[in-house]
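Each of the two complexes below includes subunit A, the first together with subunit B, the second together with subunit C.
Then we have the complex of A and B:
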């Protein structure tokens, strides 16, 4: 059998998804037997021009991780889509925008100010910020353009399969690779994960306790057997797709929501909001308000990984049409 | 400026069938005047107004969203309105982070006989929203 051609790419990502591929451990050798790596910026050295020179659909499988934050991410997403038979959205950033997607609570100007200008640690007297184009005596220099809004991979190109997770668990990744290699393809658009809420696979006891106070994880020592939400700490399990094996809650850490919205759910954040609000132990509007205000960052908490694929996608922009 | 003056806000009202909807109806039959700015969605109980409905209303062009239901203790499904009451401040905080001002989202109670109270609240909300101008929520450009 001819070897498969495999591409791995990162858009706006932290590198964790690439590491999760390496976390296949000895199975990675099997990938080496099955496939030639035609692109993998983290681990191999081919160039974009090599990919451009290929005929369309030459690559059998492309694992694309990371969100679309700049024009390079977009350009390579489009290129790899053209050149690949199967394009997999790997990890929460590619699938839902992920942590970089929280940038959608701000805009480009605010982000640049914060990163390059306003902070005490920025020794930037000339107030230099990256520009997509700059002319120097030697000619014109270009950089990818930083977008105002982060998008998921599927919002810019057609995607065949989704493997969520921050990072994606290696066993799900392997399941997907095996299915693809053996030709046992799941229906297009499948999410390689569970289809019910994480709470369904969570081993913790739920007794319907309500809470008078929301606490941050750093302020409590969590009981290991009782539902975390019932202990007054936000757990994203009720509005998050299962399939990860409840790895965080088993490690006594609340679910952060990295598997994204549940199958067919419109919006992870508002769904989680309902679940969290229903645990408030009060019928008194003032007290409810007081308890609510203990949650300092509801948007960042409830949409931690999925703001770009949420109903509103981003914070309202002034002067928006 | 003149543009803002002419601006008629669009308010989407989720009204409980058992109380506020009847109240609004009553206001209509009693010819109590209230602004035409409100578009009413009749629901069986405010408890079923999922926060995503509110977000969706804004996304589809509402300048304000008003939820009105039975007074606490009078919900026909016992606790539906209390559920809404627990969600309201959290949803308001979330909306503010997404750029939707606090004034644009309101929860109130009005019984079937309080048509006048309801009409007054709609008028008040309209008066507050008018100078704020349209929300113009585009959901962000597709990319860029």
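Then we have the complex of A and C:
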């Protein structure tokens, strides 16, 4: 059998997904046997021009991690789509926008101000912020354009499969690679993960208890046996796709929601919000307000990984219809 | 196949058409996807209106219908039947509420028309996704639970029992009769209250179809219309109901005799710790007040009552008892509480001896009351000048906004009685005289002729000026401030919801109105029904009302219960929630929020399960479900999203 051609790329990402590929450990050698790596910025040094020079659909499998945050991300996403037979959205950022997607609560100007100008540690007397084009005596320099809005990969190009997770668990990644190598492909659009929400595979005991207060993780020592939500700590498990093996809750950490919404879910954040609201043990509006005020950063908690693909998508801009 | 939708826009006379351009709405609707026919008509709910819908269904072979008219609570059932009569499932109809939610809340003009169009478009988008669903039928248990044995509960119970069906009558006090048993005379006929009430009380006790539970409260309600399961807790009476003869020997023997303020006499008389509150009490059996009984409260007493009892009816070991009942309908007749005027020091209640409430006056005037019916001041002398103050706590934004409806007439009655008994000067301080009932105005005129002085102006203050009780008020007819010295002040205080009305409402799944009284299904057209099928209201628990209105409503509630019994079966709405097990992750978000206890949990499959018989289709579980595993039929996600899309579309 001819060797497969494999591309791995990162958009707006932290690099964790690339590292999770390395987490395949000795199986990575197997990948070396099965495939030629035509692009992997983290580990190898091919050029974009090499990819551009290829015939369309030359690459057998492209693992694209990271969100689409700037014009370079978009350009390469489109390029790799053209050149790849199978494009896999790898990790929460590519699948749902991920943590960079929380940038949609702001806009480009606010982000630049915050990063380059307003902070105590900014030493930027000339008030320089990145520009897509700048002219210097030697000529014109360009940078990718930074977008106002973060998108998931699927929002910009057609995607064949999704492997969620922050980072994706190596066993799911391996499962996907095996399926592709063996030609035993799942239906297009499949999410390589569980079908039900995390609670289904959570080993903790649940009784449907309600809570009188919400606590932050730093303020409690969690019981290891009882449902985290019933201990008054927000856990995103009820509205988050399972299949991760309940890694976090087994480590006594609440689910952060990285596997994103479950199949056909309307909106992970609002569904979480209503599930969390239903655990509040009070009928008194004032007391309920007091309890909900204890929820720190609701947008960042409930939409932690999925804001760009939610019904909200982003904060409404002034003057926007 | 795409649907064939008919859109019918109602003018509602001029209710809608004076604000909304209904013809324009119909014209616009005619151009929407899948709309086969769209038209407007003066009164869609009228016979010709419904016939119009039916003829268009047949003519165009319509598969869906949208009626843009009033609230679906008003005419949803009407139009549902319109469809059913021509063989179309009633759930394939959707109403757009362009009256209550548009015409009545908008100024006439383009914006109102735009809103009506948006609401209609939402209904059209939604109706595409409607499914033909069917009601199920369940049999009706022939027994009825009546809660509260004042005149309302008594009337309901007797009426149902007289038709030959069993009634469980539950009363929290040890005796039945409620407030009416305390009254002396009733307006406008001046019938003696006891003379009209006590025969009914005796009937209750003797009717073989009525099972009376005194000292009892409902503590649990499960089930649904036709098939309720009710749990009743009976507090110990410490007296055997079967053997006690009501002779009263124990009452005279009690060491606390004449030392405990009598609740029945509103604190004006005294009773023993074991007592019978009034001579005509039903059941005519003694009861021990465990708070004031020395033996029960402190464990130390000679137990003279036990010695005195010749039939060994007293048993201090008696314990509370629980009874499970199965009934088809429930009538709540839990009555009212009287506003406590000591809350407002301006009225002087509790500060001055001769400031009393209306109900205290009833006891003073009553021949079996603490003074044997003599109207006297605290010192035993007869009053020369008496003030009666209306609207104490009612029609007052500081306390209760509602009108208590009975106080104008009872004040007129008091005035008449005072004149009759003492000939004293009587001053009535009123805001408006509301004498609206049959023979009420005539009675008012008669009492005016008796020389009672009616002063239009709410009494603002009761004070003592140099030891003289004085009422201060603005006389709004003369435009002067008046200070009137009197010997006695009667505060006619408001009728307000019972202390525990919120708990009772939540126990039975009812809603309370802004005034705190139980909310009826429709203020005009369903005044005895509630939001819970099979639970009805009678008397003052719904709103203050006089005895004739209470009796009428109580009979109406009985008729509702009887009609369910006569039919033998009731229809259950098919609008209910269901769990799609393959999506449910067992997070239990839905389990403890169901107000009807309909959501259970299958521990083996680790999924939620909804009891279809208990589910009311309220949608709470579906909203809480974080995975979308719960769907409420007729309120599916695609229906609701289509509706939202319709409202938002341009």
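Here is the rule we use: the second predicted complex is superposed on the first by the 320 of 321 C-alpha atoms of A that agree within 3 Å, B and C clash if a C-alpha of one lies under 4 Å from a C-alpha of the other, contacts with A are read in each partner's own complex, and residues count from 1 in each chain.
Everything that follows uses one rule, which is that a contact is a pair of C-beta atoms (placed from the backbone, for glycine too) under 8 Å apart; a residue touches a chain by one contact, two chains touch by 3 or more.
Remember, predicted model here, so these are calculated numbers, not experimental data.
Participant: Fit or clash for subunit B plus subunit C once both are placed on subunit A?
Facilitator: clash
Participant: Which partner reaches more residues of subunit A, subunit B or subunit C?
Facilitator: B
Participant: Does subunit B (first) or subunit C (second) touch A:289, or do both, or does neither?
Facilitator: first
Participant: For A:142, decide between first (touching subunit B), second (touching subunit C), both and neither.
Facilitator: It touches nothing on subunit B or subunit C.
Participant: Quick one: classify A:124 as touching subunit B (first), subunit C (second), both or neither.
Facilitator: neither
Participant: May I ask you to decide whether A:277 touches subunit B, subunit C, both, or neither, giving the answer as first, second, both or neither?
Facilitator: both
Participant: A:151 in the overlay: touching subunit B, subunit C, both, or neither? Say first, second, both or neither.
Facilitator: Only subunit B is touched by A:151; subunit C is not.
Participant: Examine A:266 and indicate which partner it touches, taking first as subunit B and second as subunit C; both and neither are also allowed.
Facilitator: Both: A:266 reaches subunit B and subunit C.
Participant: After lining up the shared chain so the two structures overlap, which partner does A:196 touch, if you call subunit B first and subunit C second: first, second, both or neither?
Facilitator: Touch partner of A:196: subunit C, not subunit B.
Participant: Overlap the subunit B and subunit C contact sets on subunit A and report the shared residues.
Facilitator: The answer is residues 266, 271, 274, 277-278 of subunit A.
Participant: In the complex formed with subunit A, which residues of subunit C make contact?
Facilitator: My answer: residues 582-593, 601, 606, 623-628, 637, 641.
Participant: Inside the complex, what are the residues of subunit B that reach subunit A?
Facilitator: 50-52, 54-56, 58-59, 72, 82-83, 85-91, 93-94, 97-100, 135-144
Participant: So in the complex, the part of subunit A that touches subunit C is made up of which residues?
Facilitator: Touching subunit C from subunit A are residues 195-200, 206-210, 229, 237-239, 242, 262-266, 271-272, 274-275, 277-279.
Participant: Under the definition above, what is the set of subunit A residues touching subunit B in their complex?
Facilitator: For this pair, the touching residues of subunit A are 68, 74, 104-105, 147-149, 151, 155-156, 266-267, 269-271, 273-274, 276-278, 280, 282-283, 285, 288-289, 292-293, 295, 297-300, 302, 311-317, 320-321.
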